[in-house]
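Shared between the two complexes below is chain A, which pairs with chain B and chain C, respectively.
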Partner chain A sequence: MGTGLENTWIWGVRDMTMKQTKNNVLPVMMAPRSRPTDPFRLKAWHGLILASIVVLASIPAFAAEEPAKASIFDVLVRWMPLLLEGFVFNVVISISAMAIGTITGAALRLGQISLNGAVRKFAWVTTQFFRNAPWLVLLFFAMFLLPFEIKIGGLTIPLPDWLKAIFGLSLPVMANVSEIVRGGVVSLPSGQWEAAESLAFSRTQVLWRIILPQCVKRMLPPWMNLYSILTMATVLASIVGVSEMMTLTGQALAAEGGRSDLLIPFYSFVLLMFFIYCYPIARWTIRLEKKFAVIN
Partner chain B sequence: MTWSDDQPMVSIKDLHKSFGALEVLKGVSMDVMKGEVICIIGPSGSGKSTLIRCINALNDIQQGSILVEGREVNDHKLDKLELRKKVGMVFQQYNLFPHKTALENIMMAPLLVLKQEKAEVEKLARQLIKKVRLEGKEDNYPGELSGGQQQRVAIARSLAMNPDVMLFDEVTAALDPETVNEVLSAIKELAQDGMTCMLVTHEMAFAREIADHIYFTDRGVIVEHGPPDTFFDDAKDPRTIEFLGQIL
Partner chain C sequence: MFGVLSKKVATAVALGALALTALPAQADVIDDIKARGVLKVAVKADYKPYGFRDTSGAIIGIEPELAKDVADKLGVKIEYVPVVSSNRMQFLQQGKVDLMIATMTDKPDRRKVVSIVDPNYYSSGTNIMASKKFGFKKWEDLRGKPVCGIQGAFYNKKTGRDFGAKIVAFKGTAEVYAALKAGNCVAFVYDDSSHVATLEQADWADYEMPLPTIDDAPWGLAVKLGETKFHAMMEAMIVDWHKTGRILALETKWGVANTPFAMDMNKKYK
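Entry: the complex of A and B
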């Protein structure tokens, strides 16, 4: 399958090697290029299937026309505003956790190339620890270890569950961003460091002016992938009682008296919402990966 | 400082350098006066790059002394940034910053490191572009330039810091034959302007033409050195003779 695509992939690599030998430039490492046939990518037809499930599963209700039961479609429409509110909450959690995780993760990576040995060790251990821990466990830790409020001087800051969930989810994001930044930094030829250092740039200047600007392009696709994964992981927060979309769906179903014919349409709707949100991100990531695959 | 023009600009004494257990420099000494041009030649792996990179502290030193304008490089209190402001370096692989245009490559260090006025730096950068004969290429990115053009931008970038001594590490080794000369003539002009230059090179004719002194290194020691004519026509050491026999 996909022999045509594989051929273009191989050709891309060949073109690159030829280019290098011609210019005699040090080989600049390619960002790991995902195969065009990656089966785990979201495809448009996944969304179509989901949408049809929602509609089709709602139809039997019309046919049944039992006066005592409201039609599935009506029920779904009635709950939709609340469910969508829940989804907005998922988005808020994912964006916040991503923001915190990105900043702390970048700092963690810079710590790992610090000149101070103790800082370096601490940053390394932290990265490895959080990268190899299940997300749900980290979420539980944040939930039960963080207090419900913090007192700073006379000020009392409440820590609601959703805020704790954001912190909990930002931990694995932090560790993964740290690794993404590492990959970006090591993919640059060491000559960039040497050239900048020989021009009397300070270490900080080398990092911020020379190394990181060149890495950002290479780091963007894996970073966006991570964001997609994080967004889908926000439903974990339902397990610890945050009122995001999954939690609200469960509550809506309970309020309807646990009708089993509602399960598939409701959860398909949840899937559909996540699909509509994550699919464009996945497409965009692929576009960027193609664009940055060969950098000279 | 107590250093003055009549003392060597770069003075290396009994320099030892190891990478782990591998001793790469085993007691190298040389003096380079202001305005002098010296060439270092020798087989691959003999420690030429390592020697050059010790001078601007890209490599640290285990033993011995390097004085640059009287400043000791083998000193843990050394201010590396101050040293590097005075010592320019050009690499075999050009190492231009690919995300910056030719002009920006040249302007970056004077702006960020020396904190000079932007208008003045730009004026200087345009002069340097002209000096290395790259008018019209100011706004091109390194990826859009040939190897020889990139290397001339790299020379201009280094000159923008107004260094007192320039280090060149096999700067034509990665170039297509037809662009070697444009880079060599840029270096020659620089040498004629009185810049102190230390070059590692395999271009023997060029070395003979521009060098005041030639050093031949093999396995971490200076085997033989002398003025170009004596060195090339009257080499004494069998290793030098063998090397010259292979390369000429």
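Entry: the complex of A and C
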């Protein structure tokens, strides 16, 4: 329908763009200016709407005439402390896994740019392996291959499930952080290395004083993105039996005797908690991205 | 699927344990428990009323109470470790728990993996829960239809192999109930004791347990293989539970109709 018309329109647009490029400076040299990245931004009051959706989802229960059956909202409120306790667990797992993953990942990356060939190869293989392995599979390995306690001499160190989950999740984080650091280091113009070397800095000094400080701000946004993804991935631990929010939600539902009307409100609540936690991180990431944006 | 995996995993765990010199001391487990002051028991946390959570997060139900009896007898504190069907035997093998009372059906192949204690403490059969509108009459009616089950339950295989149902296995009961309501499967194959409790609720008024119960099989509580002393102690405990009518009393307390098995055992040992 109206193909001819469409063609002229497309050509017109192309002509316009070509003219623009001719007349204006090249895009690469354009002055930095903030562009609208999101068509829409969530404000605090949107959170209220989200919360009310959860409440509204539980409204049908008020219509249910049986007095013996507690309303969905009441049930949710009753279980809320336990579920929130579970959520704290998710947060603890995510923060710990991120901390371990960041430290080991950064070390792994430094290994990848090491001057020693063997170290370089080992670091590369490790990074590639863990970056391309499914998170859940790594979690299973951590769960079932690690003993439940380690005895060193007379000392018994218990390894509870959540600790194993932290370990299991920190493996893919490690590999991803390693790649983020790589991106950061590579993004620096090689002139930085050359200039530093010409000023007689040692390799360690170049890395710690010149390269890494410049990388940090470039790495921050992707690093925070990774943290967001990791936080949302902590529910995977429910599959291996860690008593985090998702597991407890399932158990709470079972304790209510398989009432199917509870399902949507309960899982909406889980969703809401993760959203409330992760959304500000996402916003902050975008802000940092804008702040540190490199126009080149 | 989990059976094979669990055996491999058990081997791997054993090797890993050797490598880390984490092999538990070869002392008797009862001595270990007393030295530790805590009895660690594997129980279900999503199987009302046999083992489930209250709103404070504590695990309660018939099996946790039985476990508490054992801890009281040993004079130690109790710690409940929530398990699911697919990991309960591993936990016992690893030594993560000392005792498992987790709605496990007593099967010969399981006796090779863990030490199931005789006499059996409970019993239930397998049945399905399905919407009345399907009008299932016999097990063969399930042929080619999607049927929900719980991962690691032994009757999944049987229902699939003998009756030709397509098993869709879930992690917990909550997911299954949702799938059943959403129509992802036509029936839920599980313990009849669980179905009876569920069908009493108004929510499930349109559902029924239409088929003849099969595989009426006893439940086994288990200790780790080779723990003969603990095994003997548990044997005496179970006989005592039957003799004193403890199981019957617990059934009544948690709102389950007294089962024929519990009544028979009570008569037998009285």
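Going forward, the second predicted complex is superposed on the first by the 241 of 296 C-alpha atoms of A that agree within 3 Å, B and C clash if a C-alpha of one lies under 4 Å from a C-alpha of the other, contacts with A are read in each partner's own complex, and residues count from 1 in each chain.
The rule we apply is simple: a contact is a pair of C-beta atoms (placed from the backbone, for glycine too) under 8 Å apart; a residue touches a chain by one contact, two chains touch by 3 or more.
Keep in mind that this is a model prediction, so the values were computed, not measured.
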item: Which of chain B and chain C A:Glu149 touches, first, second, both or neither; value: second
item: First (chain B), second (chain C), both or neither touched by A:Gly241; value: second
item: Partner chain in contact with A:Phe201 - chain B first, chain C second, else both or neither; value: first
item: First, second, both or neither for A:Trp45, with chain B first and chain C second; value: neither
item: Partner with the higher number of touched chain A residues, chain C or chain B; value: C
item: First, second, both or neither for A:Arg209, with chain B first and chain C second; value: first
item: Residues on chain A lying within both footprints (that of chain B and that of chain C); value: none
item: Chain C residues touching chain A - in the complex, by the definition given at the top; value: 9, 12-13, 16-17, 20-24, 45-48, 52-57, 82-84, 87, 90, 94-96, 171-175, 177-178, 180-181, 197-198, 201-204
item: Complex interface listing, chain A residues touching chain C; value: 66, 69, 78-79, 81-82, 85, 144-152, 238-241, 243, 247-255, 257-261, 263
item: Chain A-touching residues of chain B, taken from the complex the two chains share; value: 56, 58, 80-82, 84-85, 87-89, 91, 93, 95-99, 108-109, 112-113, 143, 147, 154, 157-158, 161, 174-176
item: Interfacial residue positions of chain A with respect to chain B in the complex; value: 23-26, 189, 191-192, 194-202, 205, 209-210, 213-214, 295-296
